[in-house]
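What follows is a short report on a single structure.
Read from first to last, the chains carry the letters A, B, C, D, E, F, G and H; within each, the first residue is number 1.
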């Protein structure tokens, strides 16, 4: 199991709609609008790094209103 | 009451029009064109953090010519 | 009540020690090591924006091993 | 006369002390602690671009606790 | 007289066309394609900071193929 | 001979298609999807710096789905 | 098995020494000096994401001359 | 022959001293203090990419007061 924070930049004016859409995706644990250089911060999990990559590229990035995402996998060191 | 600076990147060639439009929004105290990595710097206030978020996403980001905004709330520490 | 994610860059080689120290601070809900441009992501809360600023500057930034922090307040818009 | 915003990153834990020191410099109109990628935002003026450069490099950057500054001159276009 | 370097990011695939167009603008002294985070670096001059701002926003940013510009005025300190 | 890594940001949702297209370009040695601020990392070579610039601007940037590229030439120092 | 590129910023003047030191670490496949915003690009592998995090924080970041690292895990999507 | 712009960030308060020191290095054609995210912009040349890398790492980065450099080779495309 891999967990990650995903820092999302949305198209202008789309932050609140994007949060609602992201929360419906399986594997997403929580999603919130934030202020600062990112617009939405998501916490999600997947079976491994490849599945996490697919979750981000094939599901989250395909939503309307997403401009960029930055995936930060959680590591136990 | 929360006050904030909002650092704005505009679409290319739109900086002067954006300043005029931003100044008309209630809660905006001042707005200026600048050179550097940002194109316009705005100072605004709202009742609380949520209202500030709404001011930025629902009002400023909905203007024509806005590419990205970065909200920096003022804190008294 | 204001909630926020705090994206932390640590001094090189200090990521795992920093996570342990951050978790002991009152108001911190969770903290994890991550890979990418940030080293630790923290979720915390405070009574208002000023108290959040104080939590970050007077408590988290005073820990050994912190290089930079980026506070992203959660907003409901 | 040239006016500018100066976006300041401080050494960790130094944001509130820096604001006090910056406000004492002639030419500084206002200075506030903020959250986000910058720690302090300053508004200042000088006679021309060269004097503005000197104000930043010879006065503000010489203060204890300053890590980086980013000068954004105001332009009327 | 104010001189400046202007660091330009172009639309993908447009770097060489942009250099040619920029060189035709009065006030531009030189322009070169470069590799790295910027695509074209321009050196230009104008009568004062406001005229420099107009040169960038009203002339350079209006060219086809420009995505972002970052103006760095030269200072003598 | 000049070798380089090219760090690529793709349009959202396009990372896997871009990797396939990049691998077909002569001079490209390897290309992989990655997570983080870049989406694809490419290793390529060309006869000299000018040919490397042409490879990036005239071949890689012309592919569908490319948003930005950052070329990092390898140096032996 | 997880593979990754690690983008390294070194202390000024240390790039060539760092490359030599990094190449001696088990799991590192190749390391090169580059020009641009990063100074050294490393390719490495580890058993899983946690082991990759340990390789970076406990081995690479502990070397003399390292200022920042940015880990980009390779994903198959 | 390879030409390049080198974008320099200096230690705080060191910009004017750095310009003087950089201008004395063989291969440096011009160097100016600037405002914005960089403090000094240098134009230089070297015999090839490797010699350019050596000029930056072994000469410019060894000067007192340099924090970071970003080399942007000029390309003819």
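Here is the rule we go by: a contact is a pair of C-beta atoms (placed from the backbone, for glycine too) under 8 Å apart; a residue touches a chain by one contact, two chains touch by 3 or more.
Keep in mind it's a predicted model, so treat the numbers as computed, not measured.
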Next on the checklist: Applying the touch definition from the top, give me the chains sitting in contact with each of subunit G and subunit H.
Outcome noted: E, F
Next on the checklist: Give me the step distance from subunit E to subunit H, shortest route via touching chains only.
Outcome noted: 1
Checklist entry - Which of these, C-G, E-H or F-G, makes the same contacts as G-H in over half of the contact pairs? => result C-G
Checklist entry - At the interface of subunit D with subunit E, does the proportion of residue numbers present on both copies reach over half, so same, or stay under half, so different? => result same
Checklist entry - Once you find the CA centre of subunit B and the CA centre of subunit E, what distance in Å lies between them? => result 25
Item to check | Centroid spacing, where centroids are CA-atom means, of subunit D and subunit G in whole angstrom | outcome: 36
Next on the checklist: Among all residues of subunit D, which ones touch two or more of the remaining chains?
Outcome noted: 15-16, 33, 35-37, 49, 52-53, 57-58, 70-73, 75-77
Checklist entry - Which part of subunit H faces subunit F closely enough to touch in the complex? => result 2, 49-50, 52-54, 57-58, 73, 75-77
Checklist entry - In their shared complex, at which residues does subunit A touch subunit C? => result 3-5, 7, 15-16, 32-38, 41, 70-77
Next on the checklist: Applying the document's contact rule, which stretches of subunit F touch subunit C when the two form their complex?
Outcome noted: 35-37
Checklist entry - Can you name the residues of subunit G that touch subunit C in the complex? => result 49, 52-53, 56-58, 61-62, 66-73
Checklist entry - For subunit G, which residues count as touching subunit H in their complex? => result 9, 12-13, 15-16, 33, 35-37
